[in-house]
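For reference, the structure discussed in these notes is given below.
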Amino acid sequence: MRSVVVRNISRADPDVVKRLGALGVATVHEAYGRFGLMKPYMRPIWAGGEAAGTAVTVLAQPGDNWMIHVAVEQCRPGDMLVVGCTADNTDGMFGDLLATSLMARGVTGLIIDAGCRDVKSLKEMGFPAWSKAISAKGTVKATLGAVNVPVVCAGINVHPGDAVIADDDGVVVVGRGDAAEVAAKGEKRQADEQEKRRQLAAGVLGLDMYKMREALAKAGLVYIDELEAD
Amino acid sequence: MRSVVVRNISRADPDVVKRLGALGVATVHEAYGRFGLMKPYMRPIWAGGEAAGTAVTVLAQPGDNWMIHVAVEQCRPGDMLVVGCTADNTDGMFGDLLATSLMARGVTGLIIDAGCRDVKSLKEMGFPAWSKAISAKGTVKATLGAVNVPVVCAGINVHPGDAVIADDDGVVVVGRGDAAEVAAKGEKRQADEQEKRRQLAAGVLGLDMYKMREALAKAGLVYIDELEAD
Amino acid sequence: MRSVVVRNISRADPDVVKRLGALGVATVHEAYGRFGLMKPYMRPIWAGGEAAGTAVTVLAQPGDNWMIHVAVEQCRPGDMLVVGCTADNTDGMFGDLLATSLMARGVTGLIIDAGCRDVKSLKEMGFPAWSKAISAKGTVKATLGAVNVPVVCAGINVHPGDAVIADDDGVVVVGRGDAAEVAAKGEKRQADEQEKRRQLAAGVLGLDMYKMREALAKAGLVYIDELEAD
Amino acid sequence: MRSVVVRNISRADPDVVKRLGALGVATVHEAYGRFGLMKPYMRPIWAGGEAAGTAVTVLAQPGDNWMIHVAVEQCRPGDMLVVGCTADNTDGMFGDLLATSLMARGVTGLIIDAGCRDVKSLKEMGFPAWSKAISAKGTVKATLGAVNVPVVCAGINVHPGDAVIADDDGVVVVGRGDAAEVAAKGEKRQADEQEKRRQLAAGVLGLDMYKMREALAKAGLVYIDELEAD
Amino acid sequence: MRSVVVRNISRADPDVVKRLGALGVATVHEAYGRFGLMKPYMRPIWAGGEAAGTAVTVLAQPGDNWMIHVAVEQCRPGDMLVVGCTADNTDGMFGDLLATSLMARGVTGLIIDAGCRDVKSLKEMGFPAWSKAISAKGTVKATLGAVNVPVVCAGINVHPGDAVIADDDGVVVVGRGDAAEVAAKGEKRQADEQEKRRQLAAGVLGLDMYKMREALAKAGLVYIDELEAD
Amino acid sequence: MRSVVVRNISRADPDVVKRLGALGVATVHEAYGRFGLMKPYMRPIWAGGEAAGTAVTVLAQPGDNWMIHVAVEQCRPGDMLVVGCTADNTDGMFGDLLATSLMARGVTGLIIDAGCRDVKSLKEMGFPAWSKAISAKGTVKATLGAVNVPVVCAGINVHPGDAVIADDDGVVVVGRGDAAEVAAKGEKRQADEQEKRRQLAAGVLGLDMYKMREALAKAGLVYIDELEAD
């Protein structure tokens, strides 16, 4: 790893990112072929937070938030900060001062594969964040990392400029080049689901609506009246 | 394992199930001799959710929700859906479309030893669910399992028709044949606790109220004024 | 381990404890030289709870809350109960009856390296608690432990009378003899942060405010315009 | 749960159990339709241990091995002891004295969903055990459980008399009534695998041997020469 | 926490420590009233390693082994190095160069609540170590900690000079002032166990040898011939 | 994600890969600037296994080993198979039949972010593997993934053709373009360590050999004779 800060990155189209954000994580993940979802240990630090943005990436050393300070300068309105670590860590590498700085630059949220602190303040400020842990554990500023290089965060390789969508269901990352196609597929999927929801609410069974009965029988499913005694 | 769907099951008495639900998980678990409690990793997907019902059971393959679709047809008003997996899994096997279908059939809640998604929608719909994880990870419909056979869910062997009670404290399962007795014991316990609560609030010590002092002394507990230096 | 109850303990100054509580966990932990923080698996059982107090300590056997009943009698207004276990445990060793008793004695909160139950009631009562797990699992009263001896709780060695501060960010313990100095340092830190927050909100970069640019360059950080293809 | 000891249980045929043991866990699990496998946290306490037997089951309280002492008397030559707990536990509930007793009765091994100790002695004695943890943590003898009732152990519901097979790959449980059929299927599977192994060692590809190419193409798999730049 | 190195510490009697080592972890832990055992995630990095010594303690920052280098100078023949961290960490803070240095000073082993590397070399050198993880992850030398202050390691508060015993069953710490009494109790316990082992091997049941039958009946244990159908 | 198999990949120089293998994981990781190390949950399935090779990568669905069969055909002598999953999984996706096939093609080992089975056979065959779990859990062949695309495995983004080194300390991945430089640095480092080891064995302190004393004093480390009473 070289300790570099990349100044110019290509970002996903902000309008497309907004459309992806409106779809939500579950729909985007399905529309992306069930790809791009971070591990489920990534949770919102306050329930109900929602964010979408283009990734500014940070590779940080565990327990060291120096590179996050460096990354702030590289952020533009509509970005999200995505922080990966070189080793597992739960220290509170991000708090309300950094959030103040990010909000001043128009950043829409934070994704960090480590810990977060000042949870109450962040909620009051309305700054949404997704993290692996909540911890007040303070950090040092001692070792370099990198900004705007590809980073693995919670199992997903994130490139600078990728579209990042996060809500109560988790965090999904869509490659910059795939964002428009995924948004279109997701919107179609969402429209289809409205009709399905109406039918299911009216009592139509998914077994019939999805025409599953034949495939189930072919796979060998057997209906019996009662389970014989063991 | 045979891939069967059992159509006729005997259910715990719905009135008894309601009484158990009114007692809550902690009291029912104590009244059941401290038995039947699922592992504590089972958490409500939204705080404050409460449910009680008779179990319709599903044995599913990890990452495959085909059998949940099959199970919907077997549900009646007052049932709860209990889903176990053949291997550890956190995928989002259940979302708001399935919840819509279950609510149309009068199902009172979901217990799933895997992941759940569409958390925000489920909360808005008022559909309570307890799961091992929250994850948007999509699932396939490829491999058979079974419906209404005994399934192990979060460490408890659940039989179809068992009474299932769930709240913020977790999930407890009471065998169909034991439900009435447990409800009666729980109600007595609850009545006793009101009086205890009144005394404790008035400053009576549990040491005296439970008459523990003698047993503690007999077991060898010693009171000293100060801890000598180490 | 001897099974003792120590009746007389020296407590941190209650006014200092209140000042520490007003600062919050993250600030106190920093002011204490990044020391004294419990492991981040300790979480509030209901969001928004805050508490500060002087520690009455309990060493309990896993799944056995006998010593908690013993400890109640040793509590005074302004105390917090801190419970460590002799082995990892998630059983629900504490519920609303014990909380009623503690509130009657003016205790401000509970820290337990095990499970807690009756979460809904505790929230309604306004009694804050931090625990490793939420579990309805009932406990026995069979084996002795100790009260008001030093106990390890979530990775921190807590002495009776230490100052304990807890909020959404976690739990920090300050040695009785260090409390006044830490409070003073924390208050200075908090005052400094107000000015920093103002500057950051106005768009000043942390890189400039903290004068990091020289140190980063010296450590070898390189700015480049674009990342060459892999 | 009633605190009972069931004296008479029906056991799987010992000759069939031996045949299952000769097949090993992976083959038996496949022959059983990929069913009956305990969770992978169950590991041999010493590498290379292998055992097969009929289950004598114990439901124990966490940290309490009283019921294991009770169960010894119910064991016959060819049995294996299977211990489940009413709550998660890693205490060392089993050591070399209990193993001495079990070996004197012809028991072939131990499966315990908790901790084990005296690992060095157990290895020297040649007594194989599979557990969730290794821990010297001592246990009490204070609370009743049950012997020879169905118990959930590491995610599997085990009935007394079931066939239990364990080796370096884990632990699988075959229902007493299914054992003969599973043994026959497993032996056929094993014979088939010898021929497959011979072909694969000679360089035949699984793609061809299993005739997968058509299904892969139908599912949409595409071969390309090079990955275009990202 | 002050960054100090304490030069003079009182050590447990080396002859007593040797006697404790001969007893092994499980017996010492029982003789110490089931106290002093580290959490079971502490495992030997190579099976069969055994060590006993007097603790030289290190409080280290996660991912930073500077203080271990400092501690080497404070070690004498018969010491064991015990390393606790200020936050959870699995980095490989200890390898074969440090082990070479410790062996040159007569240190008998390492206990570290973090990661260890160079496992193959350490085994070849015959240097035993117990750790939370095995990891090649390199560390920095950037932040101070302390040497020979009390440290929490894997849940146990260790004082400099305490007796530390470690083998395949885990790690137990005996307070310096308690060591002689624990050794005597342990030796008595060990002698008793030889006779018990002889009886159990001859087929005497623990139920009879420990005279448990009456207590079991009093507690309500019931023997039945067969389990009625569910 | 597209379901592709990439046939032509550029591989790291096999001679360089052998040199990296001779250095071992810990040295390579340090020489690579403490970069490229997989998470420490990746453990050898049998102790003492060592392997180095060029990565053929597989992106598999959890519980589905279809793509591993596809990948075999793409392997050449000197390759290692690296398998990532789209979701957390511990199923036994790899066993001795696949190993037979890989050995016939000259593959040197397996890295899989999931489970492995047939551990005993793999050890007897001398085929080394590193995995997240050992599990006999069988898998299906139902859903496509990809071969020779970049995959995240245990926290590291692996490109086809990268150098992979694995031993008892873990698994490290070196980018194809960085391999030669890392090998040279590692060999220099190794030579330096021989001299350091000689000095340390002779009793020279690391404090002096690394000239740490001044930096420690500057950072504020204080030596005191005794710890005052608490």
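First chain written, first letter: the chains are A, B, C, D, E and F, and each begins at residue 1.
The rule we apply is simple: a contact is a pair of C-beta atoms (placed from the backbone, for glycine too) under 8 Å apart; a residue touches a chain by one contact, two chains touch by 3 or more.
Predicted, not measured: the structure shown is a model, and the values here were computed from it.
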Neighbouring chains common to subunit B and subunit E, by label: A, C, D, F
Comparison of C-E and A-C (more C-beta pairs in contact): A-C
Between subunit C and its twin subunit F, rotation from the CA superposition, multiple of 5 degrees: 180
Centre-of-Cα separation between subunit F and subunit D, whole angstrom: 30
Approximate Å spacing (C-alpha centroids) for the pair subunit C, subunit D: 42
Numbers and ranges of subunit B residues touching at least 2 other chains: 34, 37, 40, 87-88, 90, 137, 143, 230
Footprint of subunit E on subunit A - complex, ascending: 61-63, 87-91, 137, 140, 142-143, 229-230
Footprint of subunit D on subunit E - complex, ascending: 24-26, 29-30, 34, 37, 40, 43, 47-48, 167-170, 172, 193, 196-197, 200-203, 205-207, 210, 212, 216, 219-227
List of subunit B residues in touch with subunit D within their complex: 1, 32-35, 37, 39-40, 86-88, 150, 152, 155-157
Complex contact set, residues of subunit A against subunit C: 2-9, 46, 66, 69-70, 72-73, 90, 92, 95-98, 100-101, 103-105, 115, 117-120, 133-138, 141, 143-144, 148-149, 160
